[in-house]
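The structure follows.
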Amino acid sequence: MSVKVVIIGGGSSYTPEIIEGFIQRYDSFPVSNITLVDIEEGNDKLETVGALAQRMIAKASVPIKLEWTLDRREALIGADFVTAQIRVGGLSAREKDERIPLSHGVIGQETNGPGGIFKAFRTIPVLMDICEDIHDICPSAWLINFTNPAGIVTEALLKNSKHDKVIGVCNIPFNMKNSVAEMMNCYPNEVQIEFLGMNHFVFGKRVFIKGVDKTQEVLEKLMKKEIDFSPANIVSLGWSAEFIQSLQMLPNPYHQYYFQTDEVLEKDLKAFRENGTRAEVVRKVEKELFIQYQDEALNEKPKELEKRGGAYYSDAACSLMVSIYNNSLDIQTVNTFNKGAIPDLPVDSVIEVNAVITKEGPMPLAVGSIPLSVKGMIQQMKALEELVIRAALTGDYFEAYQAMVMNPLVPNEKTAKILLDELLEAHKQFLPQFN
Amino acid sequence: MSVKVVIIGGGSSYTPEIIEGFIQRYDSFPVSNITLVDIEEGNDKLETVGALAQRMIAKASVPIKLEWTLDRREALIGADFVTAQIRVGGLSAREKDERIPLSHGVIGQETNGPGGIFKAFRTIPVLMDICEDIHDICPSAWLINFTNPAGIVTEALLKNSKHDKVIGVCNIPFNMKNSVAEMMNCYPNEVQIEFLGMNHFVFGKRVFIKGVDKTQEVLEKLMKKEIDFSPANIVSLGWSAEFIQSLQMLPNPYHQYYFQTDEVLEKDLKAFRENGTRAEVVRKVEKELFIQYQDEALNEKPKELEKRGGAYYSDAACSLMVSIYNNSLDIQTVNTFNKGAIPDLPVDSVIEVNAVITKEGPMPLAVGSIPLSVKGMIQQMKALEELVIRAALTGDYFEAYQAMVMNPLVPNEKTAKILLDELLEAHKQFLPQFN
Amino acid sequence: MSVKVVIIGGGSSYTPEIIEGFIQRYDSFPVSNITLVDIEEGNDKLETVGALAQRMIAKASVPIKLEWTLDRREALIGADFVTAQIRVGGLSAREKDERIPLSHGVIGQETNGPGGIFKAFRTIPVLMDICEDIHDICPSAWLINFTNPAGIVTEALLKNSKHDKVIGVCNIPFNMKNSVAEMMNCYPNEVQIEFLGMNHFVFGKRVFIKGVDKTQEVLEKLMKKEIDFSPANIVSLGWSAEFIQSLQMLPNPYHQYYFQTDEVLEKDLKAFRENGTRAEVVRKVEKELFIQYQDEALNEKPKELEKRGGAYYSDAACSLMVSIYNNSLDIQTVNTFNKGAIPDLPVDSVIEVNAVITKEGPMPLAVGSIPLSVKGMIQQMKALEELVIRAALTGDYFEAYQAMVMNPLVPNEKTAKILLDELLEAHKQFLPQFN
Amino acid sequence: MSVKVVIIGGGSSYTPEIIEGFIQRYDSFPVSNITLVDIEEGNDKLETVGALAQRMIAKASVPIKLEWTLDRREALIGADFVTAQIRVGGLSAREKDERIPLSHGVIGQETNGPGGIFKAFRTIPVLMDICEDIHDICPSAWLINFTNPAGIVTEALLKNSKHDKVIGVCNIPFNMKNSVAEMMNCYPNEVQIEFLGMNHFVFGKRVFIKGVDKTQEVLEKLMKKEIDFSPANIVSLGWSAEFIQSLQMLPNPYHQYYFQTDEVLEKDLKAFRENGTRAEVVRKVEKELFIQYQDEALNEKPKELEKRGGAYYSDAACSLMVSIYNNSLDIQTVNTFNKGAIPDLPVDSVIEVNAVITKEGPMPLAVGSIPLSVKGMIQQMKALEELVIRAALTGDYFEAYQAMVMNPLVPNEKTAKILLDELLEAHKQFLPQFN
């Protein structure tokens, strides 16, 4: 049986990571065809990444047939899995998502902050189109989405597109497990974290090491700041003992934006003044990476890739495909329909949750009622996500305003309007629904 | 049939208003006995207010027998209605609720802000005791609570005390109706507002004039700033057209704290520098009032009383008692058990809601699902209320911290701890449960 | 201001009752135009009833202009209120609804039994068309539906038609109040019953006389069989003391079908053998009534009408229109959207509930959680209603089968199929959606 | 590390099965100690079974230390797992549970029928005591309950006892998987059934063979009656094609009681006339088994045991202990807290559900909303379970009546009272809470 994977956004600098993933897992997941797809503007990168991937496959001597193309519909023919890692508007759009809020003293936060709202506005319509194509051309294919904001995008697709085989993945749960493993001196696969919440707003409710509940031990280490969950792209400030003691759960690095707003903002502003936005930093890193990629001697994933914020994203996606393919029934953390797993959120919400991975998709493990301490905040963020999705689909100005004014990072109604207007103007080209 | 009303906190400067209320409504609500109760520290005020109330009754020639006492349990014997308007720790406690947060650049907000959290901490245990007494001594009496935070306190009592005949009232819905009436050139009793939410976080979902839905017309006037809902004690900044247009509901003045935080803070700080805290302003006003009250020639409620923030509170309480007494089946806005009226909040929450007033208490009118625009925020505030109540009853430091850190007015975890610690210390005397 | 009422099914023998209602209430509800509408097959009856109504109006000397017509769309022009009391397939269809189940030893029960399922199947599509017409021609008109099964039909319309101004009424709550009044020696308007449930499956949760909770007293009388709620068309067997004591609520007469199935069936079978089905009895009664109606000397509602099962239906409808017209804010029992009033049922279900009647429609009073004793049964009946509506709209055989097999009166899966097949065949002509 | 298992009801004829289970799984689950516990009345059986178990262990040459005792508290010292398979009142009580309803033309049904209600009444208090002991003596031990009605009992314990490590198991899901495997020509471990509902009222929502959704294929075979799920103790009538086609799920054999009531009753009555109740049949079988057990040459589980209704119960219990011990993270079907897995049932209900088995207990897989076709019925049965538990704990006559009258197998209120009174009288000795 042949297995075909289509990588949308294949010209991304992260592609070598996913290619490496397929090579390493070839025995359990014998991919026969990989097609990298990108858009016109990304053609040069696509060529570079394609050639590198080709060299990686050749070196590994696995019988994977690789192609790359700008014709998405053509590429989708016969696909079993489609991954999406796109960036509508490119890094310069991300730069605006960050710079414009910062210029008004507000954190941009490209996932669920004001910047993330606009990332969702730009991304959702494009991924809706992609889903439409998949539904037409390869309806039994799974779409593995790791385009941010991954949770919001996945909910938008699962609720509004005809294609219902969509799963969102993120590297945050992956990183949290790795951090716990390091701190507890064990292997990552011996760690289970019961996650509660949504993408980038997920808490670790309980931690098990080899099946034994070690939550208290981990929390104590966290109070002593012996552990740090942050991926490369996020400032890490550490948590006060009181916060952890009262929370009785593991926060994720994105929670800093909401509970340490001033300090994060200060750091962001300082970093901005020194190095420009995170987008600009990334641009520089990417430039350097592509110089390496062009080196025809290079035939493996450069180490530098692992130090980036998005590291392990592809790993998470790869693991998921392997388990679907093999009906492994192992537990992975994915973005999928709630179905009651968190009874305080709508049944048809998308949450980030541990799920048993089967050939027919993820089956979420019920988490139970949200502890009162974070119940309100999680419900608020979920409602915010719904507002973002609604506005992304309708292009209604006042619905977009609602999303902006209800965002906890936006300090007041006046700023909400300023940010909304400036971002709408700045991203005009990529927001046809608002025109 | 005799009707006895007991006024707990009877030495309050607002008492003449409620006395006037009973006098004016004597025909439909023939109160035979009123007993004012206060604590030792309030004895002087109680004597002054008692004497004034006596003169008011004498002037009105109604056969109401008035008494005042420091013995609460004695006073409760035979009571049909008990009102509670207490201020545990007095104005100096309120001053701390406001001053301490302001000193860290945070709005104190004595109802659901950090100051309000401590007002709840001080008040709930005392009102629990009062309920205990009522349940023992006059179990069929209704407790009409207008002690702030009225919604939180009422939920604490209804869920945790044995006495289940408790209703909370607030003047905000009353003021909103009056403002709409003024703007729409009609009588207040021709206005119906469908309220949605909780005390001090209530929205006007629909407005009816003589039964006709005039919501859009009112919203347009609001966008043109032709209307202003604020009572005397709240700064009024007006709302942007975008906010109203996207909200599609009437906000209440307290929403300024959450959506215009910076500007309110600035005004508060300016006012603080000029006149001290609101508490200090109130103290001055009260002092002047009491000088008037001592004038033995005074035999009616001074006009000045109507200009205060708490005006109409007693009016609301009075109207409620009249309708319970007469089984009037009219609609009033009260704080009572949700019972499903807002399906997105717990069934046993207390909400601020239109209710049909019967001899057996209020029956809330179902409001239906919360519009997505404010769903998250209302759910968050409700969860916050629950956190406050839990901590008020247990006296647990970390539960108190949770309430503080989850309060939208508290900018970050560090400030949460600072405010918590300073306020706990400042109010030590009135927080036995935390020691 | 003129008020136009359109009576669909105007040729019904009940029409004189509603005409009398309008005449009696003319002062508070000055109807200017009434148009009776019926279908071709009902033309003779329509002429007879129209002429009688004309004589009634003339005798009363009220300036109501009466017309009758077969042209429904024409009639609807300018309507403010539309009432619907139709019987798709006429009495001979009802006869089949009753006879076919009885022939297999099953109660037909024309509202929520197997017969009622088919009444719904026949009726819902026709009323959907009527709603479509109203929405086109007189979109601000209220449709007052008293076509059975009133609750199911109202839910079907409110959820699926474009017209959202639909209210269902039934005479059962009305009869229950009258019975309580009689037993408690007071006026019906002094009785309030808190209703809980759905049409024909409603319980009286609490009974208030002049505002005082007298539930226990009423239950005791019920246990002593001093009271009987049954309208003329329903056998009355009385309830055992244990049933009432454990229920702690007032059942309605239709509950006999579910809790006294055998005995009701026996009585029904006996009555059937002696007098034919209830439909046949009704046909005889109607025939006699129409002979009276044709008497040109008759100019008022004949007394016999009050003794029928449907008596007070028109009264309920009339009261409702008066209160809507006058924005009376009184409490009436109607079939309307749940909106959370019963939190254990879907928010968008239709329930039978006390509601404040306003110009903009009914606002249900929250009832709170269903007592555990009847929670399961009410939820089951609500799910059954949803199954009936779904099948009525899709015409899907297996969805119809689901409704039949889940009906508590249908003893087993085999009988479900037999009843379904025979009724589908018998009513073929009126069930185009199933062909 | 030593592992101690305590088997309460160790004198049961099923004990050799569970002993065999431990022997077979010794490699992965090295039990060091087994203690069989029974009550005075069961001493003879206990001796016989103990001796046989001893011989089985000896034959297998596994180093398990076996003991048996009448001192429950002594036995519990140091326990890691406790299983409960008790029968309060013995087979003669079960006989009454069956015979008394049958004598009034009602199916007894020893799990969720009227007989099952009384089995719960007798069993729950005894298991509450056992839980109390466990909580005192070996608080970290898991109680694996396979005492019927397993779902109801487990909910009673989890909600009302202090011990929260309780899991209920049943052999029905196990049998259903085996039957599907047989029909689909595959191994049982290649079959996954997504279960939906409660113990003995569970549906198979989807069937996967090696991860592929084969629900339609299985349903078609079921329609052709190529499959039969019934264990030995349940009549099997087969299902009509219409029922299966409309249900779109796999029923379990107990559903016959509700959807084929008449026919089951007829068969039961016939069997009763020929062989007495099922209890009497079982008594005969048991007698024969014990004759075998006493044979000192016997040193393995007799084949006859597999043909009984309770076969595989012990297997299910054993598998569960192995997976808990090893933190296997495999999926088993258990009775545990809902936690949202079925959002239409209370969060704190016990449901029968697929769960990932961990060292810290089962984590249920979210099933999502109940299909409308069975939603009402499942909700009704769940409410019935709650009524049974409430009455079992309070011993209130009217609460017991509620449970009886709401049971779908009880045809009417009169019969409810008769059954209740006769069963209360018959079981008097074992129902101290009702006296």
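Letters A, B, C and D mark the chains as written, and numbering starts fresh at 1 in each.
Just so we're on the same page, a contact is a pair of C-beta atoms (placed from the backbone, for glycine too) under 8 Å apart; a residue touches a chain by one contact, two chains touch by 3 or more.
Remember, predicted model here, so these are calculated numbers, not experimental data.
Looking at chain C and chain D, no chain is in contact with each of them.
Rounded to whole angstrom, the centroid-to-centroid distance between chain A and chain D, based on C-alpha atoms, equals 44 Å.
Rounded to whole angstrom, the centroid-to-centroid distance between chain A and chain C, based on C-alpha atoms, equals 55 Å.
Chain A has no residue in contact with two or more other chains. Arrangement of the chains shown, judged by which pairs touch: one closed cycle in which each chain has exactly two touching partners.
Interfaces, counted as pairs of touching chains, are A-B, A-D, B-C, C-D. Only residues 239-240, 242-243, 245-247, 259-263, 372-377, 379-384, 386-387, 390, 398-399, 401-402, 405-406, 408, 411-414, 416-417 of chain B touch chain A when the two sit together in their complex. Contact residues on chain B toward chain C in their complex (touch as defined above): 192, 194, 206, 208, 210-213, 327, 329-331, 337-343, 347, 354, 356, 358-360, 363-369.
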